[in-house]
Amino acid sequence: QTVGFSQIGSESGWRAAETTLTRQQAEERGIDLKFSDAQQKQENQIAAIRSFIAQGVDAILLAPVVATGWDSVLEEAQEAEIPVVLLDRQVDSDPSLYLTAVGSDLVHEGEVAGQWLVDAVGGKECRVVELQGTTGSSPAIDRKTGFEQGISGADNIEIVRSQTGDFTRAQGKEVMESFLQAEGGGADICALYAHNDDMAVGAIQAIKEAGLKPGEDILIVSIDAVPDIFQAMAAGEANATVELTPNMAGPAFDALAAYMADGTEPEKFIQTESKLYTQDDDPAGEYERRKDLGY
Amino acid sequence: MTLLRRVAPQLLTLVALVALVSFFFPGFLRVEMVDGRLVGPVMDILKRGAPVGLLAVGMTLVIATRGIDLSVGTTMAITGAVAAWSITQGYGLGPALALALLTGVAAGLWNGVLVAVLGIQPIVATLILMTSGRGIAQLVTEGRILTFSHEGLAFFGSGAVLGIPTPAWLWVLTAGGVALLMRRSALGMLIEAVGVNRAASALAGVNATVLLIAVYIASGLCAALAGIVATADIRGADANNAGLWLELDAILAVVIGGNSLLGGRFSIIASVLGALIIQTVDTGILLAGFPSEYNLVIKAALVLIILVVQSPNMSHHWHLLRRSALARRETAMQAAREQGK
Amino acid sequence: MNPRLYPLAATVAIFALAWVICAAQFPFMLSTRVVGNLLTDNAYLGIVAVGMTVVILSGGIDLSVGSVIAFSGVFVAVMLRDTGLHPLAVFALLLILTTGFGAAMGLLIHALAMPPFIVTLAGMFLARGAAYMLTIDSVPIDHAFYDFLDDAYYLMPGKGRLTLIGVVMLLTVAFGMIIAHRTRFGASVFALGGGEAAARLMGVKVARTTVAIYAFSGLMAGLSGIVFSIYTSSGYPLATVGTELTAIAAVVIGGTLLTGGAGFVFGTLIGVLTMGLIQTYIVFDGTLSSWWTKIIIGLLLLAFILLQKGLLRLSLARSRT
Amino acid sequence: MLLSIRSLTKTFPGTRALDAVDFDLAAGEVHAFLGENGAGKSTLIKCLTGAYERDAGTILLDGTEVSPRSTAEAQDLGIGTVYQEVNLLPNLSVAQNLTFGREPRRFGMVDPRAQRRQAEAMLEGYGLDIDVSRDLGAYSVAIRQIIAIARAVALSGKILILDEPTASLDSREVETLFGVVRGLRDQGLGIVFVSHFLDQVFDLTDRVTVLRNGQKVTTERTADLDRVRLIEHMLGRTLEGEVSGTAKRHRAGQSWPEMLRFEGFGRRGHVAPFDLTVGKGEVLGLAGLLGSGRTESAELMFGLVPAQTGSAEDQSGTLDLSSPRKAISAGFGFAPEERKTDGIVADLSVRENIVLALQARRGWARPLPRAEQRRLAEDYIRKLDIRTSGPEKPIGELSGGNQQKVVLARWLAMNPRFLILDEPTRGIDVGAHAEILRLIQDVTAQGMSILVISSELDELIAVADRVIVVRDRRHVAEITGAEITTATIVRAIASSDTEVPA
C-alpha cells in the first residue's frame, strides 16, 4: 500500500515531530509512505497532490498550510478515487471531498489556555501580554480568538499588548524584551500568553535576563507541549501548556485501514485531545517521554 | 573629518528616527543600571542590531565588488547549528567557536569559488546556498531546536562586558576592525578597483579571483559571528528560523549606508549605521505597540522615505525645485511690478 | 547557428535530457497527466517569470512580484466577498492597480537613480503589508464565474488536463516573446541592459522605458495573481513568499543573463518547466526528508547552471575554430 | 547658417568645461573642431545633442531655436552623431544597432529580415564584409567605429557630427570614410569633424574652430591656416619637434642586446606561432590592417589568453606568461587598446588609477604610503600634462585623451622592462602626442623595451627601430632600420592580396 503525505514543511520542532511520527506509524503498518515537503507553500502542496494522483497512490495525507483553496485538487483526487485525510489543520472545502480530518480544535486550545489563566489569577487584576504566531496563519488567528473567548468572562484580565513573534524563539525573546521595556520593566505584566511553546521559551529567557522570575513574577501559558516547555515547567519557569499531539497519523491510518477494508466511513472530524499540563503534571517525566520524538 | 562628512546623512536619519520613536514612546532614551549592566531600549537596539550589523560588514565588502550575498541568513543558521551541536557534543567552547567560524569560511569559500572561478553571477550563486543551506542546518540539528545550557556560549548572546551587552561589543569591534584594516592596508582600494572594473584591474595585475573569494569568505565569517550571537541568544539552534530573511535587512543596511549596489566606493561605518537605523525602526515599531499587521507597511514606508531623502538625485531635485520656484517668484514679481507701472 | 542562440539551445537540450532521465526512472513522467500538471501548477510562475525576464533583460530586478501576487489574490477575494462586482471588473481594476504600482516603482528607480533591487524590495514589503491590511485571514472565493474558470479544461488523451490557466500561461509567454524580441520597446529593453549610458546616446527614451518595464512586470504579477487565485480559489496574504527568487532562478536557468542585455523569453518557459520538473521528480521519489529536499533542489539548480555553462563554453570554442 | 550656437556654457563640479562658446556651421561644409585634450570638444557636442544639460546658451537650427533634451530628440531633428567613446550596444546584433529606433516593421512587429537587408544596405560603400546578424561585441573596435559612422550617417538629415571617428582606423578605412563625408557635404549637410590628426583636418575640412580651456579661440578657413599656426592656436604656444610624417628618428647602426626571445609562440584560432626577439632598449612596432591580429599577439604575450605553443625566455631561463599577473612579475606591462573597458577604473581617482598596478604588485598588505602616491600622481600629471582639477578627481570625469594618459602613467610608474602599448596615442592631442613619443625615447634610453601597436604608420616610422608586419594572424615580415618607410610597410601589408597564406 502506498500513501502520499504532503507535509507543510519543517518550520518548527513540533512539525518535525509530526513528520517523524507519521513515518514511524507508516513503517509499523507496512505502508510505503511517499513524503513531500512543501516548504510552507500551498502551491507546492497542490502540485505534490497532483503528482500523487498521477502516480496512482492509494491514499493521501494532507497537512494543509492554509484552509482555503483546496476544492479543485480535492475534486481531482475524488475523481481518481483516492481518499484524502487531512492532518492537524482544517480546510473550508465541502466535507464530501475528503475522508476525514484528524486534528485538534485550535480555538478550543486557546480557550483552554484562557480558562487556565482565569482560574490561576483568581479575581486579581491581571495585565496580559500576548505573543502571536505568524500574522495571517490560522493557528495564530484561532488561538487568539480562543484565548479571548476563554478570558471573556473575567473583567479583571486584560490583554495590554499583542505582537507577532512569528512562532520562533528568537522573535519571542525580542518581542518580549520590548514588552518588558514598554511595561515598566515588566513590573506591570502579570501574565504571558504565547501562541506556541517556542516563543514562550524565548520569552522566558528575556524575562530572566530582565531580572524577573518567569513563572512567579509573570505567569506563562502557551500551547503545543513540546519537550523544552516541560523542562521549563520542571524548573518552575513556566506554568501551563496545552497539548497538541504530533501523532495525527495514527488515527488517520486507522481510519484509512477501516475504510479500505470494508468501506467504513469514519466521522468527518477526529478530534485529538487538547490536554492541559501544569507544573503539577510531572513535567520532568513528560520531558523524558517526549525528548526522542524528533521535536 | 571626511568620515564624519561621509556618514552625516546616516547620523541625521538616526537622530530623526530617535526623535520620531521618542514621540510615540517617551521613555525611549532612558538607560538605567540594573545588576551592573545597562538596560533600556537603546541598549536593546545595540544588542538586537548585532546580527544585521555583523552581516552588513561582510555584505558591504561583497557589494563593493559588485556582488551580493543572499546566503548570509542561511549561513547564520548553519554556523549556529554547528556551534550548538559542538557544545552539546561536549567539545567545549573554544572548539565550538572555531568549528562555527570554520563553517562560515567554508560557506564563503563555496560562494567565492562559484562566483570568482566558475563565473556564476553572484545573486544566483548565493541563491543556491540560500535555498539548500537551511537543509544543511537542519541536517545538523535533525530538524529540531538544538538547545544547550553552556553558559560560556550563552555569554555571546546575553552576557555583558562593562555593562554593555556582548553582541554590541562584537559588532562594534568587528566593524571598527574591518574598517581600519580596509583603510590601513591597500585592501580597500583593491576591492573597489575590482568592483568597478574587474577586467581592467586584472590587467593591472590585481589578483581579482583571490580577492573576490576572500570577500565572500569575509562575508561568511561575519555571518558565522552573527550565527553564534543568534544561537547564543536563545540558547539553541533554530535551523528553520535563525537569520531568516536577514540577508535582505543586511542589503538594506548597506544601501541606507549610502553604498552603491553597483560596486566601488564603500564605507563600512556607514553600513553599520544603516543597520542601526533598521534596528531602530524595528524596535520602535515594537515599542510603539501598533497591531502586528501594520509592521510591514510601516517599515516599508519608513525605509522608502529614508532612501528617497538620502538618494543623491534628491538633492538635485530639491535644487531644481528651488530654482524653478525662485524663477517663478521672480516672474510673478516682475509681472506685478509691470502692472504697478 | 548564430552564437547568440547557444544559451537557448543549451537550456532546451538540458531540459530534454533531464526529462529523459526522469522518465527512465519513472515511466509515468511521460504521461499527459504529468505534462498537464507541469503546465497548470507552474502557470502563475510562468506568467510572472515573463515579466521578470523583461525586467532582467533591462539589467534590473523586481523583488516585489511574490508579494504582488499575494496581494492580488487577497484583493480579488476581498472584492468578490464584499462587493457585487463581476470578477472580470475586479480583474480589470486589479490589473490597473498592479500596473500602476509597477510604474510607480519604475518612476522611483528612474527619478531617484536608486537601484531596482532596493526600490522593489521596499515594494515587496509594501505589497505584502497592503495585503495584510486588507485581511490577515485566508479568504475563499465562491463565485459561479470562478467555478467556470476552474472547470475550463481540455481532457487530453491519457486523462491529462490542459487547463485554462495553463493555456493562459502559454499565451502569455508567446505575448512576452513578441514584446521582447519583436517590438521597439523590446529593443529598448535590451539596449538598457547593454548599458544605460550607451542606450541613452543611442536614443532610448530611458525614463519612459524604465517606467514601462516595471509597469509590465506589475501587469504580469497582477495577471499571475489572478491565475493564482483561480488555481487556489482563494486569497491569502501569506501566499507565494519567495516566489520572486524562484522566478529569478527560472529566468537564469532559461539562459537570460542577470546582468541584462541577453536572453530569451522562451528560455524562461523552459526554465520554469525545469523547476517544475525538479519538483515533480522529488515528489515522485518521495523518500527525501525535508532537509534533503532543500539540499537536493539547490544542488540540481547548480548542476543545471554548470551544465549550461559547460555546454556554452564548448559550443563557443567550437564556433571559434 | 545651418546651425548657430550662442554663448554655450557648461560647468562640471570643479571644472568650467565650456565658457560662452559661439559656433556656426554652414550647410555644405566640413567644419573641424580642434583643441587639446580636455578643451571641451566632446562636451560641446554632447550639449548640442542633448546628452548633457547645458547651463546656458542658445542653439539655432535653420534659424529656429531648438533645445534637444535627449539624444533621441536630436536624432529626430536630423542630427546624427558618433560619440568619442563608440557608443553602440555590444549585446545587440550589428543590424539591430544600425537600425535602432528606426526598425522596419510589419503588422506592428519588427521585421528581422527587412532589418537585415536595411542594415546591409547601410553598410554598403564602407568595404565591410560582416554578418550583420552577429552580436556587435564579436567585432573589433575599428569595425564598431565604422558601424557607428554608418548609423550616424543614416540618421543625419541635416548635420553629421563625428567625434574622433578615425582614432582606430587605418589609412584605407579613413579614405573610405572621407569619401562618404565628401559625398554628404556635396548633398548640403553640415559636418562637424573632431580629430587630432592634423593631416586629416587639412585634407578634409573647409573651416576650423579651435577651443582652448573651454573657450573659443578662433574660427578660420582651413586653407588660410598653416600647421604651425594651427598648433599655436590649440596649445597657446609653439611646439618644437612636432612629429610629422617627415620627421624621423633614426638610430641606425645601433644594436640592442637581446633581452627576450619568443619562440614558436602562438595559439590556435588566435595567432599563428611566431618567433620574436626583443632587444634591451629597443622599440618594436607592430603594423597591420584591422583585425590582422596585432592586439591578439599582444594579449598572447601578456598572458591574457595563454599561449598554447612555444615558449618565452630571457637570459635566466623560461618565463611563465600564463596570466597577466605572471607576465607582470616577469617584468611586462600592457596598456590596452580599449581604455574604457580594459584600462580605466572609472570611479577611482586619477591617483588611485596611477598607483593601481604598482600597488597590486606590492600586495595588499604593503600599501604605498599616501605621500608617495600623491608624489607619483602629481609627477605624472605634470610629465604627461594630464588635464585634471587634481589627483583626486575620478578618472571617469576626465576627457578621453586624458584618460589615455593616465593609463600610460600607470604603466610607466611600474617601470617594466618590456612594455606593450596598444594604440597608445589614440585620441591624444598633438602636444601630448609629441610628449609621449619623447617619453618613449626617454624610457628606452634607460633600458626599457617597448612594443608599439599603431594604425598610424607615421607614428611607427617615427619611433620604431624595427617593425613587424602582421597579416591574417601571422607575422609575415620584419622591417628594420632605414628600410622603415611608409612604402615598405604598406607593401608588406598589401602583399596579402597576391599571396595566399597556407
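Order of writing sets the labels: A, B, C and D. Residues in every chain begin at 1.
Basically, a residue touches a chain if its C-beta (ideal position, glycine included) is under 8 Å from a C-beta of that chain, and two chains touch if they have at least 3 such contacts.
Computed from a predicted structure; not experimentally measured.
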{"item": "Greatest separation from chain B - chain, by CA centre", "value": "D"}
{"item": "Of A-B and B-C, pair with higher C-beta contact tally", "value": "B-C"}
{"item": "Distance between the centres, which are taken as Cα means, of chain D and chain A, whole angstrom", "value": "71"}
{"item": "Whole-Å gap between the CA centroids of chain B and chain C", "value": "29"}
{"item": "Gap in Å, rounded to a whole number, between the CA centres of chain B and chain A", "value": "34"}
{"item": "Chain centre separation (chain C, chain D; CA means) in Å", "value": "44"}
{"item": "Contacts with two or more other chains, residues of chain A listed in rising order", "value": "10, 16, 19, 135-136"}
{"item": "Interface hub residues of chain D, defined as touching at least two other chains", "value": "none"}
{"item": "Multi-chain contact residues (two or more partners), chain C", "value": "132, 136, 289-291, 293-294"}
{"item": "Touching pairs among all chains present in the structure", "value": "A-B, A-C, B-C, B-D, C-D"}
{"item": "Residue ranges of chain D touching chain B (in the complex, touch as defined)", "value": "302, 304, 324-325, 328, 334, 336, 341-348, 352, 356-357, 359-368, 410"}
{"item": "Complex contact set, residues of chain C against chain A", "value": "26, 28, 31, 33-34, 37, 40-41, 44, 132, 136-141, 150, 228, 231-242, 276, 279-280, 282-284, 286-291, 293-294"}
{"item": "Sites on chain C touched by chain D in the complex", "value": "2-4, 178, 181-184, 186-187, 190-191, 193-195, 197-206, 261-262, 320-321"}
{"item": "Sites on chain B touched by chain C in the complex", "value": "68, 70, 114, 118-121, 123-124, 127-139, 143, 248, 251-252, 255, 260-262, 293-301, 303-304, 307-308, 311-314, 317"}
{"item": "Residue ranges of chain B touching chain D (in the complex, touch as defined)", "value": "184-187, 189-190, 192-193, 196-197, 199-207, 211, 264-265"}
